[in-house]
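Submitted below is the structure of interest, expressed as structure tokens.
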Amino acid sequence: MKSLSATLALPITAGLDETKATEDTLTATLGDLKIIASQLNFFYGDQQALFDNNLEIARNRVTAIIGPSGCGKSTHIRIYNRIYELYHDQRASGQIILDGQNILDPSYDVMELRRKVGMIFQKPTPFPMSVFDNVAYGLKMHYRLRRGELADRVEEALSRAAIWDEVKDVLRNPGTALSGGQQQRLCIARALAVEPEVLLMDEPTSAIDPIASSRIEKLINDLRSTYTIVIVTHNLQQAARVSDFTAFFYQGHIVEFGPTQKIFTNPVNEQTEAYITGRFG
Amino acid sequence: MKPRPPTGRRLANLVVSLSAGASALIGIVILFWITIIVVIRGFGALNLAFFTQMPTPPGVGGGGLANAIVGTLVLTMVATLLALPLGLLAGIYLAEFGGEARAADYSRFSANVLMGMPSIIVGVFAYAMVVVPLGHFCGYAGGLALAILMLPVVTRTTEDMLRLVPNTLREAALALGAPRWRVILAVVFRAAKAGLITGTLLAVARVSGETAPLLFTALNSPYMMTSLGQPTPNLPVTIFNYAMSPYPDWQQKAWGASLLITGGVLALTLLTRYILGERKR
Amino acid sequence: MSKAAQASGTEGLMPTVLKVFRGRRSKSATGADKSFRWLTLGCSLLVPLMMIAIGLELVLTSLPALKHFGWRFFFSQEWNPVLQEFGAASSIYGTLVSTLIAMLIAIPLSLAVALFLVELAPPRLSRVVGTLIELLAAVPSIIYGMWGLYVFAPFMSHYIQPFLGETLGFLPLFQGPPMGIGMLTAGIIIAFMVLPFVSAIARDVFSLVPSVVKEAAFGMGATTWEVTYKVTIPYGLVGIIGAAFLGLGRALGETMAVTFVIGNAHKISASLFTGANTIASTLANEFSEATEPLYISSLVALGLVLYVITYLVQMFSQMMLRRMYRSWSVGL
């Protein structure tokens, strides 16, 4: 486990004792770490977007990433499943340790990484196939299934995503025929089907209506004990409701990181406080 | 669930990727194969005589295709003089007035269909319209056929280019009190000038290599053209006649003419690409 | 073939601007505007008019032959200018088979090229290779014919056809002397002529699939091929069908290249190695020589068949392509 002192932006007036105490408490609170990101830098072509990011994601907890638009939140979590590699001019440097292995190492199997680390996007992205096939997509790719097992696994995933009852009669309908909120839960079911360990959620409810959003938040709550969840959100109330830890990003830097309670009630950094209280962003 | 080893999937991906690359390579190979053959076989035929002298009987050797070159230039010019103004005006209607109206839509659809129509059918039409009433093959019929082929190309590119001109320009000119037709002809045209020129060049390139529509309209002639009311010598039909003949010197000339046409068309095409590319910057 | 047009933008300001200065404009200017509008409208109707005129003309000129021969015109292989006996069967057969061969080659090839250019190649390579492929469309048909007759046909007869005869010779398709010219060679050359058109649209289709959807598929750990055939292609299926039919339309009408290499034989045979003819090649070879009205009328009847088939294929293709481009611009 690494110290987080580099991440905490220390106000000039903070006493050393106070810092040490905060560090120890944080370390203790974080507990077992699932992901350790260190010295992450990210470039779009020649332009640098992330500067020396260090972050620790606690196992089986929800970590929220907040910050104003364009501050690098999405860019950061997109490194965790190396989805940026699709684009020739994007590159990342640094290390991300997942269960003891550096996933940014070229020799790490990207396909297995993406099974372990699932991603939910802002826009629901059902594939052009039936509801059933959407969920079966990853299952058939990563697993050898006995006869009948596929249907069971699909049902299990849809249940875990709290959407089974709504779709059990329309499994053969196209995934795109569902409502926005249902599509997003379908995407979650699709991700859950392959038994991931981490779920990355990039503003999962910003394109969904409020009622459907709250269902998804409840789902996140139900899922937290089984999965490690990292959620990017520009909705501060959502971050406060849903997460255990919060990281505040600004212009590609991680300004402050700590337990959500603390960040929202007693932030150490002035910028954090300004953002939380709505003075900018 | 047993995990599925990724080797099969990786292999399939590799095979497909290599095939994709190979396919692109095949396309390029064919292009170069044709170009190189045409250059090698045609180069020897292109001497001064080729451009300045009249055709000689088969087996005699010497001589050139001056009449065919002149004829092709004249026919292309006639076609352009017919198609350009009509196509420009049609394109203006579609871009400036027609919008999404039914008539405009049908016009666009027809243009697309005509562009995909076999050019020999257009030749049949010109034959019926001009050659039959006149009683003999003539250059006018050939020019008409080529013009019909050029028309939809000029129309479509005019419309595309005019649409690229921002509306703010039109509004500014109109706000100064200018009538619509002046705004279009003076202001919008000037703004789209490069695009319109390239559109015309593209249409000319496309049409200057066309053989089928000339086969029974302008036909061909071994003499220098005196009037468009008579069969008019031209390069494409000459190539056809000479290539199908059993005489090596005629076949050699056919290759020379092929090189001339191919070089001209490719040069025009690349030139238009270059101009359009420059504009984008 | 890129979609260079952007939407013509809001016309919102236009009426206001027009209203504002309409009072200031002189009567003649308004009149000139109206005339100009009518003029351009007339010109834009020229093309549809042309299409209709061509169709009418073909029908009128082919009527005598159709009346004379009746339905058997379409099923008879007979083609004898001396006896004035004409039948369209071999031409129609040749057109359809050569087109079929061409499409069987061109469609997978085009999809593969599009896959390479959009998903696999780095941007600069993709641009260069893409331009080169598109140049295939700039080469005139007669040049394909020259190359086909003098270079590719001998190549076929020396290497490819003997090979096919040895390996697949049990099929009647690949029996017979490896002449070089014939149905197979024609079909292959047509495929290369059609490739740039179909692959250009397929490129558009692949690029227009939203990156979020592709990312979601890749994000599940899929390979590029898996994403392409399970997500990208189904997503853009409408466009791909449109592209295929566009290619089909062009293949049906290829004239000069086919005329050079197909051998001009008015008979139907099982072997792809033998000579044949298409509607277009027959017209190219015989029209200028035809003098008898029945001969000409029969030839034009062939042209009418080609016109109708091409029109229908094009119409279908346009329908598909419009649906694709329209739904993309509306957004998800």
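Letters A, B and C mark the chains in the order given here, with residues in each chain numbered from 1 onward.
The criterion applied here is as follows: a contact is a pair of C-beta atoms (placed from the backbone, for glycine too) under 8 Å apart; a residue touches a chain by one contact, two chains touch by 3 or more.
All values derive from a computational prediction rather than experimental measurement.
Engineer: From the centre of subunit B, which other chain's Cα mean sits the farthest off?
Structural biologist: Most remote chain from subunit B, centroid-wise, comes out as A.
Engineer: By C-alpha centroids, what is the most central chain here?
Structural biologist: Answer by centroid distance: C.
Engineer: For this structure, I'd like the pair of chains sharing the most C-beta contacts.
Structural biologist: After tallying contacts for each pair, the winner is B-C.
Engineer: What's the distance between the Cα centroids of subunit A and subunit C, rounded to whole Å?
Structural biologist: Once rounded, the distance between the two centres reads 48 Å.
Engineer: Averaging only over C-alpha atoms, locate the centres of subunit B and subunit C and give their separation in whole Å.
Structural biologist: Inter-chain centre distance comes to 16 Å.
Engineer: How many Å are there between the centre of subunit A and the centre of subunit B, using C-alpha atoms for each centre?
Structural biologist: 55
Engineer: In subunit B, which residues are in touch with two or more of the other chains?
Structural biologist: Correct list: 9.
Engineer: Quick check: what residues of subunit C touch more than one other chain, meaning two or more?
Structural biologist: 223, 226
Engineer: Could you list the positions in subunit A whose residues touch two or more of the other chains?
Structural biologist: 111-112, 141-142
Engineer: For the complex, give me every residue of subunit B touching subunit A.
Structural biologist: Touching subunit A: residues 1-4, 6, 9 of subunit B.
Engineer: Quick check on the complex: what are the subunit B residues that touch subunit C?
Structural biologist: 9-10, 12-13, 16-17, 19-24, 26-28, 30-31, 33-34, 37-38, 41, 86-87, 89-99, 103-104, 106-107, 109-114, 116-125, 127-129, 137, 148, 151-152, 155, 159-161, 163-164, 166-167, 170-171, 174-175, 177, 179-181, 184, 205, 208-212, 215-216, 219, 236, 239-240, 243-244, 251, 254-255, 258, 261-262, 265-266, 269-270, 273
Engineer: For the complex, give me every residue of subunit A touching subunit C.
Structural biologist: Spelled out, the residues of subunit A in touch with subunit C are 81, 83, 86, 88-89, 110-115, 118-119, 121-123, 125, 127-129, 137-138, 141-142, 187, 190-191, 194.
Engineer: Under the definition above, what is the set of subunit A residues touching subunit B in their complex?
Structural biologist: Those residues of subunit A that touch subunit B are 109, 111-112, 139, 141-145, 149, 153, 195.
Engineer: Going by the contact rule at the top, pick out the subunit C residues touching subunit B in the complex.
Structural biologist: Counting only subunit C, the residues touching subunit B are 4-11, 13-14, 17-18, 20-21, 24-25, 29-30, 32-33, 36-37, 39-48, 50-51, 53-54, 57-58, 61, 109, 112-113, 115-117, 120-121, 129, 131-133, 135-136, 138-147, 149-151, 192, 195-196, 199, 223-226, 228, 246, 249-250, 252-256, 259-260, 280, 283-284, 287-288, 300, 303, 306-307, 310-311, 314-315, 317-318.
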